[in-house]
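As structure tokens, here come the structures.
Each of the next two complexes has chain A plus one more chain, namely chain B in the first and chain C in the second.
And then the complex of A and B:
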């Protein structure tokens, strides 16, 4: 009796296993037909879309959605150059104080009203509200003049070379919608963009349809849906079945599995994301520059990129990636254990010491921290990995300076408007030391601070290049961080999709999207 | 029974008050700052301070609690920090998919679970019993997350029979309902089996058999009905858990339900949403327990509610 039971269970499990195996290996459908099944473009994201108020968005995914409906005076093109959009042209005065924008004529809002200087005024006036995120742009404007319907003259309180970059983030809402209040803005977005709002199911999707009277020609798809699909495996499966035509981000672990199969193509490019580990320069063990340089030499960046990013990251040669303005590459800290050990010895730290590393408790971040732990062990540094929930780390980083406990922080930074100041000020300026900002290396170099502040007031690109290059040179040599890598932004899409632009910050531009 | 019901419902009010206080304190005392999440990392100290002021976070905690309580009494759950939409609207929107999914998952898992349990008990020690318990053990042991992903690969990607997720058509309910119901089916199978075995050993069953009643009647009318009291308790507890949403299943199958909302809101420290959800879950647990208590009386007239 007992044997029979065992036999039965064995047979059952075997049959089950074979059935599952058989189903899993059903041959992939023929890959010839690369024709779009319909004209409804579905883009699957990893997060929920937040508040649809272009003056108050902070995350890239929501920006991608709002950008289908709203536009700014200037924008970045695919080469990361600032080009006119709702402004036909612009001039900057020599002192960098006055910006004159000549508006494009014949541009309509989705409600049929015309885009003109009155509309610009209504938007600037709205953002005088300090609780709105875009107040940080409007705050810089000391005086705004609107001499005629197609000219806007903005005078800054003090010169700021990032102003134009920031204006790429300033979108325009129809004045009537602004007048109707926030509720209306959130529920019935109305801008000048290529798509008009259709519907939103909170937590699920936002759908937009082409705006027939768009000034640059209406998009060619029938509809565009942004869908929140947080699970990596599910997002990839949706791309495989065709329920989604385009997914972002494409998980690096799955690229090899799906690339080239079922008409799936991959687009990977360098991002504006800088990966680094802050080294608390006020800490006894890390005070000496030579120790921090030794740490940089002891970390094998190629191995890091392979281990943590499956190869989908770029090496960095500065404190910010090449996609940011005024980038100046420095001589690399190539993996060199001998040199690292020599530097440790020179600094009198040849016996090593103990450190902690903090970071978010998500798999990829923990993997990164463990990698650093293994690497630093080679030069005698004993690292205790301490993963924590993101909010907990943020709170601990923001401790009062005399109570700071941070040794190393495994983190990343991305400058949303691609300006050099945005890529460094909040994380390397002496005034950005916590609490407040995120300079958790407690790095305070007078020359760097001064150069950063001077540069803000300069408009000449040549001088800016010099100033920012000098900053990068000093920071690189001072090594307040372990300079690790720059992520790649990766999307997966069906071969019948074209015209969809993925930007280095992960924003997606669908104005020229086509389903062939 | 009517008076009992009213008394129990009224009794929940002070309980909910205590719960609301606990939830409020917990969420405000754990580390995290919604203002930072709202303003983004590039925000300056001044910007953060302005936002904090406008959101009322600078007020003492007890004042914030009373203003929350005041809003609550007036039926206002507040506005989400993350979406700027009314929390009540978000919750209703998210409740629908969760309710539908819970209904289908409970429906099939109850029927199949009890059927397996009863069949196993009646055929104790036989092949059917072992098969039933093998299914039950598999149901408990297989992680829903994994099962979901495997089923998506087989039935959506390879065979193309059903969508990978969402709740757009009736076909999209199939995989998530199966995945979500598996665990409950298994638990119910085990419980109804043991409960049924207990009943089968009772004197009244022997008496019924001695009277010469047909075996089917003995099992269904006497043993089965009496075994249901325990089973109903388990179903009640399980439904309570399901209504709180299954984060994993909702994530795997891309369903915008309550569980996902809770986790996302916690990560963002979207206090208003977290408070409203936890209060709702507490209330729903109390309510389901009440319904279960009432059902006892229906199933077993010897149990009288006072």
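And then the complex of A and C:
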């Protein structure tokens, strides 16, 4: 009996001790001196760096790593403007068919050979292989000419105003490495970038070191390592202890914990990520435009940003965020329950109905879906939240059209080439209805389709602005989605780091990185 | 006069036996406290929605991650919902699942165990080897495997927990049956020509009930933990339902900024499991004939 009492007391003390400890660790963080302990820059990501073939990468994190070693002819600057990189300058013919690039001279590959038009040819020839992802760029080229070592003339098969945007993603590998084959490219990456490859351990890290003969001046750090740290808490802890100097993404719930500690800074930027919920326009309950508009009015976007993103997201006023070309803001669907209920009544749906919402079974998405559920309850729509494994959702979305079960899909889209076509074609064009693409709203507006197709052939920015503005206006009014928000990309870093650029698509540019 | 005393005696004896158990049970204070706690939990399970101070699913976006205060005794969660209300309403889910699953498991396990113990032979071998196979796997792993096969959801969690509850009942009931089977009164019953089924359910089964009750209480603690674990892993309650395990699971994401989201559901699970185990201990001390 007595022993048991002691046990009781002991157990309770343990429980309370744990709770108290939790509270204490939150309040007592170390205040390190803001001085870099070494010149080895460590960046922690939430995912593994995949195979380092710049012609075959698709995820932003791996692109961040390949970009340290490889470069393209043109690139985006921090304002999303296209600026020359390996090309000193370029000209586009008036019909939008011919692109002439004048290459920079004195640029060396890591193996010591010179970057010239022969190198460009070797890379373009390699990407004629359809199994490579960058084939989507090369297949637009009908004819390539190389009149001298520093000039490349590319002629397109048909006009496409997004070609230059896509060229920002086309990196150049040393011709000798290409000749040696895939295996060599993966094991000994060789480009013109500011860093050269040192080593890679799959599932753990990639390390690069500065390239002394880099044409724009070698980086000033001793080495740069990308580490894969999937657990949010672990990544933040690494930043706190200094094991990592820079982390991406910074989990929004943890910002409060590290914010205000003098050696840790947060960088939050508007992104090109559009968060939305597709509304199946072919579904009986959602057929009526007024119902879809009512749903948009019923969702409090401010509360959404506050609850799901802890404030680190921006409101959207169009079907793509302002970081994308030809953005045209529309009159917002401000939170208005009266209006929402009136619209529901007008559409004869005042008694409400039932819907399901699909999404990935990760914390933030489950939270977002629950939020939608809470909001739509206010206008009598009963939402069943169905989080699923990412692959399962993807499979279910790609069902045949007549077997489609999707009601609402909580999803996001980011166009890494920052062009308007890339931001909408795969998710709003009639030809992108699943299976195949991602138009799970089954939205098919003839005028929108036509405008999108016409716009591709136009080069005059003024007309393009008009066309894309019209598209955004129609889509906004038709409301095939719940237009939610645009995420912010957020990184956390030690105050002694400088020169690391975080781009709106979550890519990181370390060419000018410095540790003070 | 004499006859009346003879008639009186057996009645008196029956009363005193029940009294004897009660007296013995009430001597064990921890068990009594545990029983009271369980009664309180049962009260919450039945009247939770009525006594909850707030609507458990009503969000308040202006009061996210609110610390415990005079209005929200247990604080508010990531949607500004009242944690206390969610816990009260969630009691039904957590207790219901464990009670239902143990009840099902106990019924099947008892039936199989009694049959195996009484008939022996091939039935005994099949039941006991089957139990051994189930015993060979860790409880929670087995439950996860079952839920992974039949899909997530509350009903399936009940099935999964019931399945891993069966072997412990089968084994205990078998051994109880074996020991009663050889007693004199069973032999007497058989010798006057009772059928097997009558001997089994009228003569043997009632004597084994004590062991069953003890194991029943003990297993509920395990079942609460298992159900909470499955919900924690996302196999049980739906994300939007109030459920102790699910609350613990979603709360762990905010451990740094709102420890109360983990603390209170964890504490409740802890108390409930402890209460059922202590009650089980008390009942065993009271009812187990070997400990008399």
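Convention: the second predicted complex is superposed on the first by the 487 of 516 C-alpha atoms of A that agree within 3 Å, B and C clash if a C-alpha of one lies under 4 Å from a C-alpha of the other, contacts with A are read in each partner's own complex, and residues count from 1 in each chain.
In the analysis below, a contact is a pair of C-beta atoms (placed from the backbone, for glycine too) under 8 Å apart; a residue touches a chain by one contact, two chains touch by 3 or more.
These numbers were taken from a predicted model, which means no experiment stands behind them.
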Inset, instruction - Classify the contacts of A:130 with the two partner chains as first (chain B alone), second (chain C alone), both, or neither. - result: first
Inset, instruction - Report for A:256: first if it touches chain B alone, second if chain C alone, otherwise both or neither. - result: second
Legend entry - First (chain B), second (chain C), both or neither touched by A:165: neither
Legend entry - More chain A residues in contact [chain B versus chain C]: B
Inset, instruction - Tell me which partner A:370 touches in the superposition: chain B (first), chain C (second), both or neither. - result: second
Inset, instruction - Kindly classify A:228 by the partners it touches after superposition: chain B alone (first), chain C alone (second), both, or neither? - result: first
Legend entry - Common interface positions of chain A, toward chain B and toward chain C: 5, 8, 23, 26, 233
Legend entry - Interfacial residue positions of chain A with respect to chain B in the complex: 5, 8-9, 12, 20, 23-24, 26, 48, 50-51, 53, 56, 58-59, 130-131, 133, 135-136, 182, 186, 201-204, 227-231, 233-234, 237-238, 240-241, 243, 389-392, 394-396, 398, 413, 415-416, 422, 426, 435-438
Legend entry - chain A contact footprint on chain C (complex, rising order): 29-30, 57, 59, 61, 64, 78-80, 234, 238-240, 250, 253-257, 259, 263, 266-267, 270, 274
Legend entry - Residue numbers on chain A that touch chain C, as the complex places them: 1, 4-5, 8, 11, 15, 19, 22-23, 26, 232-233, 253-254, 256-257, 300, 303, 306-307, 361, 363, 366-367, 369-371, 373-374, 385, 387
Inset, instruction - Please give the residue numbers of chain B that touch chain A in the complex, ascending. - result: 30-33, 36-45, 47, 50-51, 54-55, 82-85, 89-90, 93-94, 127, 130-131, 134, 149-150, 152-154, 156-160, 163-166, 251-254, 256, 260-261, 264, 267, 269
